[in-house]
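Each remark here refers to the structure printed beneath this line.
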Amino acid sequence: MIVLFGVFLLTLLVITAIAIIRTPDLFVAVMLTGIFSLLMASIFFILDAADVALTEAAVGAGISTVLFLSALALTEQKERSIRPGRWLAVPVVVAGALIVYATFDKPRLGDPDAPVHQHVAPWYLEKTPELIDIPNVVTAILGSFRGYDTLGEVFVVLTAAIGVMLLLGTRHRKAASPVQPASSSDGLRHHLIPRVLGRLLIPFIVLFGLYVQFHGEYGPGGGFQAGALVAAAVILYALLEGEGPALTVVPLSAITAMMAGGAVLYVLVGLAGIVLGGNFLDYSVLQIDPVAGQHLGILLIELGVGVTVCGCMLSIFHAFAARDNR
Amino acid sequence: MIASHWPALQVALPLLVAPMVMLLRGATLPWLAALVTSFMAFAIAISMASTVLEGEVIVYAVGSWPAPVGIELRIDELSALLLLIVTGASSTTLLAARNSLTAELEPERHMLFYAAWLLALSGMLGILVAGDAFNIFVFMEIASLASYVLISAGSDRRALPSVFKYLIMGTIGATFYLIGVGLIYMMTGTLNLADMESRLAEVEELKPIMVAAGFITVGLALKAALFPLHAWLPNCYTYAPHIATAFLAACSTKIALYVLLRFDFVVFQGNLIGHDVQFSGFLMPLALIAILVASGVALFETNLKRLLAYSSIAQLGYIWLGASFVSKAGLTASVVHMFNHALAKGTLFIAVACLGLRFASLTLQDLKGAARFMPWTMAAFVLAGMSLVGVPGTAGFISKWYLISAALEQGYQGVVVIAVILISSLMAVAYLWRVVEAAYFGEALTSSSSTTAEKMSEAPPLMLAVVWVAALANVYFGLDSTVPLALSEQAATALMEHLR
Amino acid sequence: MAWVIDLLSWVLLSVGGIFILIGGVGVVRLPEFYTRMHAASLTDSMGTILILIGIMLQAGASLATIKLIAILVFMLLTGPTATYALANAALMSGMKPNKLALAEDSASAGKED
Amino acid sequence: MYYAASIAILITMALALIRAMSGPSVYDRVLAVNMMGTKTVLLLSVIAFLYGRPDFLDLALAYALINFIGVLAVLNFFQNAAARNAVNKSSEN
Amino acid sequence: MEWLGLYNYWVFAVVLMMGFYTVIAKGNLIKKLLGLSIFQSAVFLLYITMDKVDGGTAPIIQEGVSDQIFSNPLPQVLILTAIVVGISTTALGLAIVVRIKETYDSIEEHEIQAKDNHR
């Protein structure tokens, strides 16, 4: 039955994708992309990927929409040229045909005998309780078994943030000029109800973010999702009160320090492994009891991930918003 | 004791310093930090290369988890050589970076540029040490994103559309790669390259694997700017900051080629029946066309940087040609040409950076008479150009020689190949001659010389020293190429062993 | 007693589902933006309350119920606020409730009858 | 029991999608997106119980919060667009 | 019901094709980026599809419940990373688009090219 739900949602997904491609209005396309993300997240959830669903929601429906809207505000809303370019469809069709061709030998959805479920993966499921002793196997792999990938992931985000800073510049006018009441720097200050409610919600979002951060070992969640959520809370504040107040609450220097600090923390935890006699990113040596060491290590690196992601998202958001004020 | 951790430190060190560089202020401090880090990475690479030269493959388990479950770092001869290329190119170009960059980017953004540089460096190093397919993807993205950042710092506005195109094509390439890895993972259940090879042998349904091979090859070919997919490269190299061009031209596309060689020889070649035939039958003509077409375009190019960019595409064709022989001699030629081309092209672009300090526009028209103001720079340029052409006594000659002797083993096909190599070498002489002609024999435009007469002088001493060290290295490795050749030959042997 | 709770939550879930469905139909069928918004927001709140309470009855006194209450409170706070904000934005942009469209629609509906 | 509710939610999602695609005004689309968001929250809550994993309600909570931010971002966008248009007009005059 | 088992893969193929087409055929730079994120999402779908096991549940071990079948956690970890990579690429791409708009006053590919050729 739930498989049918999945089929239904997938069909909606395809329809949404068609609509995104066909609409010439970019704002509409961004809205539809929000729907696309929500559908995607539901599908992930149905396919047992709770952590991924949470990330897709925070990123796809949250941060990504905000970023696209910020960019749209600085560019144009309508797509002008519609060049058909039919021959370009050839590589597309070739790629699609290849994939469909490949499906004939693929294991079907949910086949327990598929090779994926035979090698490596059972080891993780079996050994995690014993070696790392946290319930969320995804977090265990993310933090420890494949912690080196996650290190790379943190630096991908950092690189993007550095790039956005280099491209868009980071200097702000200290406070938004009070002369233009309608300017965007004012945020939604004139909308009383959203403003009151938003201010009420912000502490809860931050609190929930912290919960996701530190509960990631037991349930879905972890550093990345938490970082995105906390960043979303600050972005909400910036939307409500305007850029200036948001930057007094979390100043740019703090954001930059967060970006760098989290990444450095992650590498330092890895190097601590070497200093204490293990390999790079070996948390077992951090404490006398290897399992406790793993706990500590995962906690620290998740913290590093969360701090860096939060800093990077905020810095990217502010870089776009600052352009708006010029 | 610490030497056993070199593989991890090779990547971790620049990663650790990059965020710190971001916090530094001014133009000098970030540069110094990046420079010192890069040289430390170079030292680590040298140390590992000497270990590998003794015939030992370095294997390192990150997090102490054993290979298929954890991520394994693996440094063999091929990766050791490329580590040398990347760290060496980064260190050399960074030496020259400060003078060059000050002219192109306001000092408040230098720290971001150097942070991105270190990230690009560590991304490339991460790909080279990785023994895990997905890990390669992650570090490939670090390297790519950082490269986009470096290029987008270019002062010409055309850098922006170029880098956007690169971003789109690069991401398509990376996503194709991810699809391919996903399909292989689906059929084997593992992400470790060595494990993949052994488990693929047992897989019976080959359709997904064939498709995966296609996606990975196309994806990486996009990243490596192999011939029909090279559209992003010329503009990016032309409009990037000069010194970033030098760094990227020396290393970035070769990294993608490295991954491609890895996959084709280690993972696919032995396991896909008939793949051997496709490989040479399909890629050799492409490589030949690439060499001829790109050299031909370079003949008519008027912008110096773009001319060299097209020459890069042709040279990538050489590397690819050697690999498409699927023989030990061919692979040796291919790998050693990676080294020699990095050397020659890096030197040429550093020389271009010197010219860029004095000339606002780098079209051949504007460069007329440049040798009169900058004789030393132009002399180094000529020396590196000779290496690019393959004049005996320079590094380029070694790889051409190996390539031709590998082609001789190929029978009648070899004759065509040799003919193409000779023709394209002549074309290289021709297009480099156009630069030399403009610089040495061209009459300087009166308007520009009168207004900027006192500005027209030789490049700063540091840059000049760098470009000459690099140029002399071209000669040195032309006379005594023991180290790169030994590594290349061992690498070729190791790769050929995977073919059963 | 268990069957009473089961029955109750079954009724709540079903009725909640019907409310939501009505809202969905309304959003598609109604002629004009403000009426559509009306349909969406009211049924949304009601459906949410019913469905979440229905689930709560099943969950019993547990951590899940507390989370469900939190979700319910958030939804009840944010839903109307979002609706208000949207209506406000539409009105500010000069989009007036269109009496003409409404009249036409009811007239045509009358004709069909 | 949960099936009835989840089917209703799924159908409503499809209806909201129809509205999002047909428009006609941008506000209709935002309305549809918002509706989609709340429906996703409900769907996740219901499916969490359908799967017998009530600990996944965290996700639904996160969605509820993110959805609100999304709507406010859109609102902010509209307001800025209006402000920009006003500035453009005054500069033209 | 056998075809249902492959339906996910077909949707993956279709969404992939649509995203890919948008990226290479559309001239609008923001539309290209939207297409790129659809393109990447399709790959996420591929990976997540392979993690599902019949009768399985998310790989978070519950206390006191034994004999549970868990879905494969590894693809989920990979996709978590890939999603982050995707958003990073998008953010950088958008920043470049904003700069292009400022210097060229257009975000249409052919107009930008025309402006460069004009000089």
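To keep things simple, chains are lettered A, B, C, D and E as they appear, and every chain counts its residues starting from 1.
Just so we're on the same page, a residue touches a chain if its C-beta (ideal position, glycine included) is under 8 Å from a C-beta of that chain, and two chains touch if they have at least 3 such contacts.
These numbers were taken from a predicted model, which means no experiment stands behind them.
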Inset, instruction - Indicate the lowest number of steps between chain B and chain D, counting one step per move to a touching chain. - result: 2
Legend entry - Shared interface partners, meaning chains that touch chain C and chain E: A, D
Inset, instruction - Between A-D and A-C, flag the pair that has more C-beta pairs in contact. - result: A-D
Legend entry - Chain whose mean Cα position lies farthest from chain B: C
Legend entry - Centroid distance [mean C-alpha coordinates] between chain C and chain B, Å: 59
Legend entry - Between chain B and chain A, distance of the C-alpha-averaged centres to the nearest whole Å: 32
Inset, instruction - Between chain A and chain E, tell me the centre distance in angstrom, where each centre is the average of that chain's C-alpha atoms. - result: 13
Inset, instruction - Averaging only over C-alpha atoms, locate the centres of chain B and chain E and give their separation in whole Å. - result: 28
Legend entry - Junction residues of chain A - those touching two or more other chains: 50, 72, 95, 99, 106-107, 114, 116-117, 120-121, 124, 146, 149, 152-153, 156, 159-160, 163, 167, 188, 191, 194, 201, 204, 218-220
Inset, instruction - Scan chain C for residues touching two or more other chains and write them down. - result: 74, 78, 81, 85, 88
Inset, instruction - Enumerate the residues of chain B that touch no fewer than two other chains. - result: 134, 138, 141, 145, 148-149, 152, 179, 185-186, 191
Legend entry - Contacting chain pairs - touch in the sense defined above: A-B, A-C, A-D, A-E, B-E, C-D, D-E
Legend entry - chain A residues touching chain E - in the complex, by the definition given at the top: 3-4, 6-7, 10-11, 13-14, 17-18, 20-21, 26, 29-30, 33, 36-37, 40, 43-44, 47-52, 55-56, 59-60, 63-64, 67-68, 70-72, 74-76, 79-85, 88-89, 91-93, 95-96, 99-100, 103, 106-112, 114, 116-117, 120-121, 124-125, 128-129, 135-138, 141-142, 146, 149-150, 152-153, 156-157, 159-161, 163-164, 167-168, 218-220, 224, 309, 316, 319-320, 323
Legend entry - Touching residues (chain side chain B, partner chain A) in the complex: 2, 5, 8-9, 12, 15-16, 18-20, 22-23, 60-65, 68-71, 108-109, 112-113, 115-116, 119, 122-123, 126, 134-135, 138-139, 141-142, 145-146, 148-149, 152-153, 179, 183, 185-191, 199, 203, 205-208, 210-212, 214-215
Legend entry - Contact footprint of chain D on chain C as seen in their complex: 6, 9-10, 13-14, 16-18, 20-21, 23-25, 27-28, 33, 36-37, 40, 44, 47-48, 51-52, 54-55, 58-59, 62-64, 67-68, 70-71, 74-75, 78-79, 81-83, 85-86, 88-90, 92-93, 95
Legend entry - Parts of chain D lying in touch with chain A, wherever the complex brings them together: 3, 6, 10, 13-14, 17, 20-21, 23, 26, 29-30, 32-33, 36-37, 40, 43-44, 47, 50-51, 53, 55-56, 58-59, 61-63, 65-70, 72-77, 79-84, 86
Inset, instruction - Give every residue of chain E touching chain D within the complex, in rising order. - result: 57-58, 60, 62
